[in-house]
Structure formats: structure tokens, C-alpha cells
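Okay, so here's the structure we're looking at.
Note that the chains take the letters A, B, C and D in the order they are written out, and that residue 1 is the start of every chain.
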Amino acid sequence: MITTIRIQREPFDAATEAKKLSAKRTDVGALVTFTGICRGNEGAEPIAALTLEHYPGMAEAEIERHVTEAIERWPLLGVTVIHRHGRIVPGEDIMMVATASSHREAAFAAAEFLMDYLKTRAPFWKQVEKADGKIWVEAKATDDVAAGRWAAPDKKHQAAE
Amino acid sequence: MITTIRIQREPFDAATEAKKLSAKRTDVGALVTFTGICRGNEGAEPIAALTLEHYPGMAEAEIERHVTEAIERWPLLGVTVIHRHGRIVPGEDIMMVATASSHREAAFAAAEFLMDYLKTRAPFWKQVEKADGKIWVEAKATDDVAAGRWAAPDKKHQAAE
Amino acid sequence: MTIKLRYFAWVRERVGKAEEDVEVPAGIATVGELMTWLASRGEEYAHAFDNPKVIRAAIDKTHVKPQSPIGTASEIAFFPPMTGG
Amino acid sequence: MTIKLRYFAWVRERVGKAEEDVEVPAGIATVGELMTWLASRGEEYAHAFDNPKVIRAAIDKTHVKPQSPIGTASEIAFFPPMTGG
């Protein structure tokens, strides 16, 4: 099992990172890579850049907790999560998740699970630079719904309390 | 909308192909890449290689039909499907699907949809070279189940007939 | 009516050829009936089509069901369930 | 009891600082009670905590709910719903 978790200011190369999960081995049959890219607009308005603030220490711990849960839930052979912080301009990669498995179902499910949890549980906050100033991006209710679908039946009850 | 469909004997570079979907544009926020890789075993037995036979003409047409359906169902900005045929050794890439969208939900759903349909509807057949000879890989019932989940309600009835 | 038949994967191996032009007898209306008739054409065909339920078919490069009419097909293909991807 | 408080995103901006050490009065047992007390510490705190329902909290880098006891926390963080990924 190869597990890589990195939080960094510097750009990364998603392709290079993903390839490491299947290099020099012949048990990986499926590799899923998700790359989150900075768009040039937020809603209908153009943005000049976004700045990601994070909670050092907790961000790593939250990601690690969810990577561990993904490994327990699906037969994975490798997981990579890289998330940048600081100022990012449109067209640049913000973050990536890559999952490797023998079969595609596990790789897809784990990648989606990790993305849904990163969106709603990892302590990162996006601020966008619009023409009229800097605005904190609001969390989307649809992201909470997406994360909720992964809850175990007993946890769903808990979450509803 | 960038659409690329290729069926080829030659290897391809999944990373290079995926990057084309987001290069020089700032509307792509999510890029999902699936790479199917030749494993060194089939079940518990080691294999020396696999050979992919396909139905020229129909393979392209089937993939195109499903790419068109994916574009109708999800707000995509780009789709790439590349599938090799011929002899492929363990560790080599067999095929890839890449989907680009503004948001992750569409990119993930379209990539999974295309994979499920490629597995069950695109006319390709895998033969593996084992120690005791060449064996045609059997279709998995789980793949049909996976493809079935994308059927529209009215199509589900049709499929059950 | 002359139709080009194409065979893939183990159907091709069992029949012993990848394609052939066949004069389909009058009275054969559906893909399923064509399979039954093909199975009667000799040992290799009988072997290829002995379990028609596991064989898939395409008319002019589009998936069809056993009950689909042959109609004015110019090319009909038979093959096992697909295993690509 | 002295606890390090940390603020992120617009909570940090409204409070006007990223962190501070605070002497929490006796009787403040839960995270929610701590937020209510913080809101009473001045205009900037009142602004930051005027709608505690939208503020999330973590004790020693683990998500907690408003009803969670402060216990022996050494660091408590307040921040808006996360928007990473």
C-alpha cells in the first residue's frame, strides 16, 4: 500500500504523482485520478485568483483519517492526496486525489468518497478575488448531501440528530 | 467541447491525453481520469500478456454513441476515450477515459458511466496467455449490474423484458 | 438473400473463420432463427452456437436481440459477451 | 483554565486575530457556551459569533459539535464550513 498525503504551497504534477501508484508493479488494474482546477469564474463573475487558507496539522490529520477509512472500506493498492494552499490562479491545479486498485469499482468509489469528504471535512477555506473585492466562497449544501451518502446506516442516524 | 475517441494498437500516454482537456482554458474545474492497466494475473493465475480483439467500425460507433449520451446527460467540457487492441503485457495501459467539467459530480458520473458501458457494450474481447494456454476472459455479471444502474426508468423496464 | 456474417473471439475460433458471405434461406426471419440455422451447418457451427443464450449479435454494427428481425441487414456479427475496458 | 483559541477564514477576519490564549471562566462547559461567551467579549467577537449555527469548531484538531464538552482541551478552533477540494 502506497499512501501519500501532502499539503503544500507549491504546484504539483498530477500525472507524475498518479503514475507512481502503478509504476513497477503489475497488480494495479485501475487507476482513478481526480484533479481539481482553479476556474476563471465563480458563479457568473470572473475571478483573478483564489487563496486557500488551511488549518495546519488538522488538515493533514483529517485527510489521513479519511484515507485510512477508504483503505478499510475498499481493496486499494495506493492512495495519493495532495492539496495546495496559498494563492492559485485560474488554470492551475488546486488539489488531486488518485486511487489504485485491482478493479475499477474500488478505485472510483474511494476517489469519490475522498473528494466528498475533503470538500466538507478537510479544514480548507477558499477566498476568491473578484473585481469588487475578496469574497469567501460559501459551502454548498450539495456537498454535504454528497458526503452523507457514504455514511454507514448507524452513522446516518447520528448525523440526523 | 473537445471529444477524442481513438482505437489503436500503439501505447498512449494517459496523462498527456487528459491534460489536453484542461489546457489553455479556465472553465474546467474538475478532471477525472480512469486508466485501465494490464494486470500480471487473472484470478489467481499469472498471465504473460493479454490480447484484445475488437470489431472495427462497431467499436468506434458504440463508444461514440455512449460519449454522445454522456454529453447529453452531464454538463461536460471534454471527453477522451482511448482503447488499445492487440497484444498488451502486464503493466501496460489498456485504455483510458477522461472527463472534464466545471464541477466534480458530472466528471465522476460521466467517467463511471462510460466505463460501465465500455465494459459491457463496446465490442472488445480479452484473451489472456496463461501457463496452460490462451483463455478468453469471461464477462462478469457484476459489470452488467453496474451498467444497469445508468438506465433511465423507462429503459430499465425494457432491459428487464 | 446474401448476408456477410462476422465472428469474433471464441465464436470465430469455433467456426474457424472470421467472416463469410452466406445465402440465408427464405423463412429465417430473426437473428435467433439465423443462429439455429447456422448451428445446423456442421460440427464447427454446432459447437459455436450450441448455447445461443451466451452469444450476442449485431446487425450492421448495432447491438440487436435474438428476436430482432434480420430485415435488410447487410452484415450480421456474432460474438461472446464483451470484455473490453 | 487557559485555552489557545484559533480562528480561520472570515471568523479570523472578524475577530481580527488568528489566535489568542484565553482564560475561560468557570461555568463554561461546552463549545457552544464558549461561543456565546466569546460573542460577549466585544464588537468584533459579537460580529464573528453573531450566528453560531454557521460556525464549526474543532478541539485539539478534531471536529466537535456545539454540545461537546470543552474538557481538557488545549486548543479550540472556530471557522466557517469548509470549502476546500
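We take it that contacts are C-beta pairs under 8 Å (C-beta built on N, C-alpha and C of every residue); 3 or more make two chains touch, one makes a residue touch a chain.
Fair warning: this is a prediction, and the values are worked out from it, not measured in the lab.
Separation between the centroids of subunit B and subunit D, computed from CA atoms only, is 48 Å.
Chain geometry summary: the mean Cα position of subunit B and that of subunit C are 26 Å apart.
Within subunit D, residues 85 each touch two or more of the remaining chains.
Residue positions of subunit A with contacts to 2 or more other chains are 36, 104, 115. Chain contact topology: the protein chains form an open path, each linked only to its neighbours in the line.
Inter-chain contacts occur between A-B, A-D, B-C. Within the complex formed with subunit D, the subunit A residues making contact are 36, 52-55, 57-59, 61-62, 83, 94-95, 115, 118-127, 136-139.
Contact residues on subunit B toward subunit A in their complex (touch as defined above): 14-16, 18-19, 22, 24-41, 90-91, 102, 104-105, 107-108, 111-112, 115, 142, 146. The touching residues of subunit D, when paired with subunit A in their complex, are 6, 8-10, 12, 58, 61-63, 77, 79-85.
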